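In order of appearance the chains are A, B, C and D, and numbering begins at 1 in each one.
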Amino acid sequence: MASQRSSPSLFSNWKLDLIAAAGEFIGTTLFLLFSLGAVQTVNTNVGANSDGTSGGTDVNANDVTRLLGFYYICSAFGFALFAIASIFYRFTGSIFNPSVSLALVLIGVITPIRFLLISFAQMLGGIVAAAILAGLTPGELNVGVALNAGTNRAQGLFIEMFTTGTLVLSVLMLAAEKHQFTPFAPLGFGMVLFVVMLMSIQYTGGAVNTARAFGPAVVQGDFDSYHWIYWLGPTLGGLMATGIYVFLKKNHYWRINP
Amino acid sequence: MASQRSSPSLFSNWKLDLIAAAGEFIGTTLFLLFSLGAVQTVNTNVGANSDGTSGGTDVNANDVTRLLGFYYICSAFGFALFAIASIFYRFTGSIFNPSVSLALVLIGVITPIRFLLISFAQMLGGIVAAAILAGLTPGELNVGVALNAGTNRAQGLFIEMFTTGTLVLSVLMLAAEKHQFTPFAPLGFGMVLFVVMLMSIQYTGGAVNTARAFGPAVVQGDFDSYHWIYWLGPTLGGLMATGIYVFLKKNHYWRINP
Amino acid sequence: MASQRSSPSLFSNWKLDLIAAAGEFIGTTLFLLFSLGAVQTVNTNVGANSDGTSGGTDVNANDVTRLLGFYYICSAFGFALFAIASIFYRFTGSIFNPSVSLALVLIGVITPIRFLLISFAQMLGGIVAAAILAGLTPGELNVGVALNAGTNRAQGLFIEMFTTGTLVLSVLMLAAEKHQFTPFAPLGFGMVLFVVMLMSIQYTGGAVNTARAFGPAVVQGDFDSYHWIYWLGPTLGGLMATGIYVFLKKNHYWRINP
Amino acid sequence: MASQRSSPSLFSNWKLDLIAAAGEFIGTTLFLLFSLGAVQTVNTNVGANSDGTSGGTDVNANDVTRLLGFYYICSAFGFALFAIASIFYRFTGSIFNPSVSLALVLIGVITPIRFLLISFAQMLGGIVAAAILAGLTPGELNVGVALNAGTNRAQGLFIEMFTTGTLVLSVLMLAAEKHQFTPFAPLGFGMVLFVVMLMSIQYTGGAVNTARAFGPAVVQGDFDSYHWIYWLGPTLGGLMATGIYVFLKKNHYWRINP
């Protein structure tokens, strides 16, 4: 009897172990993709090697300001998402990003009608934020995103897919799933935005959100020929995250952790 | 019977969806207003474009130090508000800002007498902090706020209104409202202060608090002709936040999130 | 009957209001003392005014590196205290600082014998950390604290008193007091250390801990004539915090917040 | 009777006091080792003394960019570990690091089979992350770790041992142990990674993880002759942390804190 019961248990353990290994593989890949991406940003531009030999070009004040500007901007987006999403978290539940809204309608948390309404509201918010900012600040508005540092369109598209996909996955796992960290989910996805932007800001401007790319383009009247990558990339990311989430739910991921 | 019950339900859903969309609109606008404001600060001054063409003027050591100084100061205010408010949070409840006190008396959490006493205490605290600092540090005290970078008075007034309004709204939604994040509310409003300052410090000095603007002006004996914007702006912000909060409460905002 | 009951209630409310105002006064003073101190650090050295006129001297690469070095160091101490104290928090309860140990023995949380043992252990830890670091890193060890930027001894003494006093107060209010934030107390006092160092690092090196000042001095064999301020300042801070805490407990501070 | 009972109690108190002192000694040593390490990094390179006399060489733009690059990279790793581990925390439990997996199998939390599978998955994740990044970004991949600033192999080995050991200890005390902070453990070990990297990045590149060192070496085809220190160092760290953890459990560390 005991062996009869232990056999399926062994089989089950093997399956659990393989799913755990798949999870560790995906997690380690994402963790190191964004971390190493930050290293690449630093090393190809300003030379982080302490022996004075940088991987990039000569080091000058422009390099320093660019890297510091990246850090300033990534901090603003990451902590603003945490802070402002905290305020509205118990109210609207979604987080100011049409790709997140897409994932929520696909998994059935919101209705298609609400999806359409809040996605429209999010895009409108992007435009209005840029318009208010243009009025509040002196000088020309200059807050758009762009491909930079030699990044091509395919690279830009997949960067936006990976970064937005990870952000959406964090919302699904931290906010859509209910557990002890759920009331603190905005801290989690705010910091996800911070780190995916640290990796991507040099290459794509780090949109991670169609509304963030679209709003300034409308107000500044400045659409690049590749503007579509900021629509397709985040959308593919939202679909990718939804697929991973559905797979994990089907496999009862919460049974994996011993 | 079923149709009778579903009809009001449908109607109710439409109303809930519209309120959710309004919430997403306001939230996305605030999130991107402050985030894009940080981008504007970086781009108009020190050139964050990796192709070397900046949106502003020439890049030099002064640009770097200014941007780094902004980050240093915003970090100090944001994390100090979190840290010091954590200490006093269960004791006084208010958070060192007369505009927050104003909102609390308007929604009936504190009495008018307490409002007057603690607002006076907060303003006095601003003066005493500046006076102690003048004694503790060598050299002239130089910690005031000012309009900069070409910002005009109307812009300064509305920047202080939007930034303070968002801070007050976060106190109302995170601390006045009771839920699982409430014991951690100081982290929320500390980080709100961090990000609204990242946007506003270049333009108005990022006061977000009349006591912060008034105290150094008294000790340094240096009142700008437009000092009134640091009284009117935060006050209008407190009123704006109170209005939004009352509207949300009237509409039972906690029913919106599915 | 009602008036009989309301009269003492009114009297009681007045007293509560005055204590609340005292709390807001102390809190606002501490919040702005450290925040404005960071502004002073930035403005007197590297010029944070965006119009290019700094409050200090000429701006050069040395100014930028100094300010960046300050930020790097303050981050390391603040987040290390949070991170390492989290590990040991449920184990030893104290936090690597003899002035905190002093406060804990004074309020009766630990015995005098334990106070002596752990204070000795903390001072020894400071020496051993510096010694290990000397072995692990190439070049001369250079990690001591010193008065700088023209700070005199009285200023240094009181800066160390205020900064350490605020740190100790945070431990008493967040960890010694038991409430929902208590399991997260290390985040609170870690961030207190971060912000009090952002204010003090330029003037005293930001010790905020006798063990942090003493250990490197022993290993580097380098005692300044004013080394005593790093013993007396934090000790006075610990006594000040204990006094405030006892006063608040006597006045049942938790009844103040409506 | 009372004295009979108080005698063993006294004896027991002495033992508890000594264990508490040992804990404070280790904790203070680790806290100051990493904090002072950051000071050393700043002072030996860019001169943090405000009197203009630095402990290192001349200050130039290259020094600023190097230090800023360090901060950028450490932030990316620390916050990415927090953010990505939060997503997968309730799923796989381990945290993308073979040395953590080693500790978990040694204390019996996971089986040897799972240890082998997830360690392999983690190493594979390191390779795949580097490969994806090479495809996503223009230019040569340049994200490896290396001994720098004159660090010799023994120093590098022990730096990797101490940093990884502290990271593993934080996982054991915050995640393997169950308490109120456990749902937030990723914040704890993310910030541990942040601070141990602030100390070590200049000397060893701050791997703190064999998978982080190995993946880029494979993709870039660039193995240093001392690459083994990134295998042996973290492994010794994992063993050291496991030893401390077992000792603390044997001594019922949770009884120490009064």
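Basically, a residue touches a chain if its C-beta (ideal position, glycine included) is under 8 Å from a C-beta of that chain, and two chains touch if they have at least 3 such contacts.
Owing to the predicted nature of the structure, the values given are computational and were not obtained by experimental measurement.
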| item | value |
| --- | --- |
| Superposing rotation of subunit C relative to subunit D, computed on C-alpha atoms, to nearest 5° | 90 |
| Intercentroid distance (Cα basis), subunit B paired with subunit A, Å | 25 |
| For subunit B paired with subunit D, centre-to-centre distance based on mean C-alpha positions, whole Å | 36 |
| Per-residue multi-chain contacts in subunit D, two or more chains | 61, 64, 68, 70-71, 149, 184, 187 |
| Pairwise touch network: line, ring, star, complete, or other | ring |
| For the subunit B and subunit C complex, residues of the former touching the latter | 45, 61-62, 64-66, 68-73, 75-77, 79-96, 109-111, 113-114, 117-118, 120-122, 124-126, 128-130, 132-133, 135-143, 146, 148-149, 183-184, 187, 202, 211-212, 215-216 |
| Contact footprint of subunit A on subunit B as seen in their complex | 13-14, 17-18, 20-44, 46-52, 54-55, 59-61, 63-64, 67-68, 70-71, 78, 149-152, 155, 158-159, 162, 166, 169-170, 173-174, 177, 179-181, 184, 187-189, 191-192, 194-195, 198-199, 203, 248, 253-254, 256-258 |
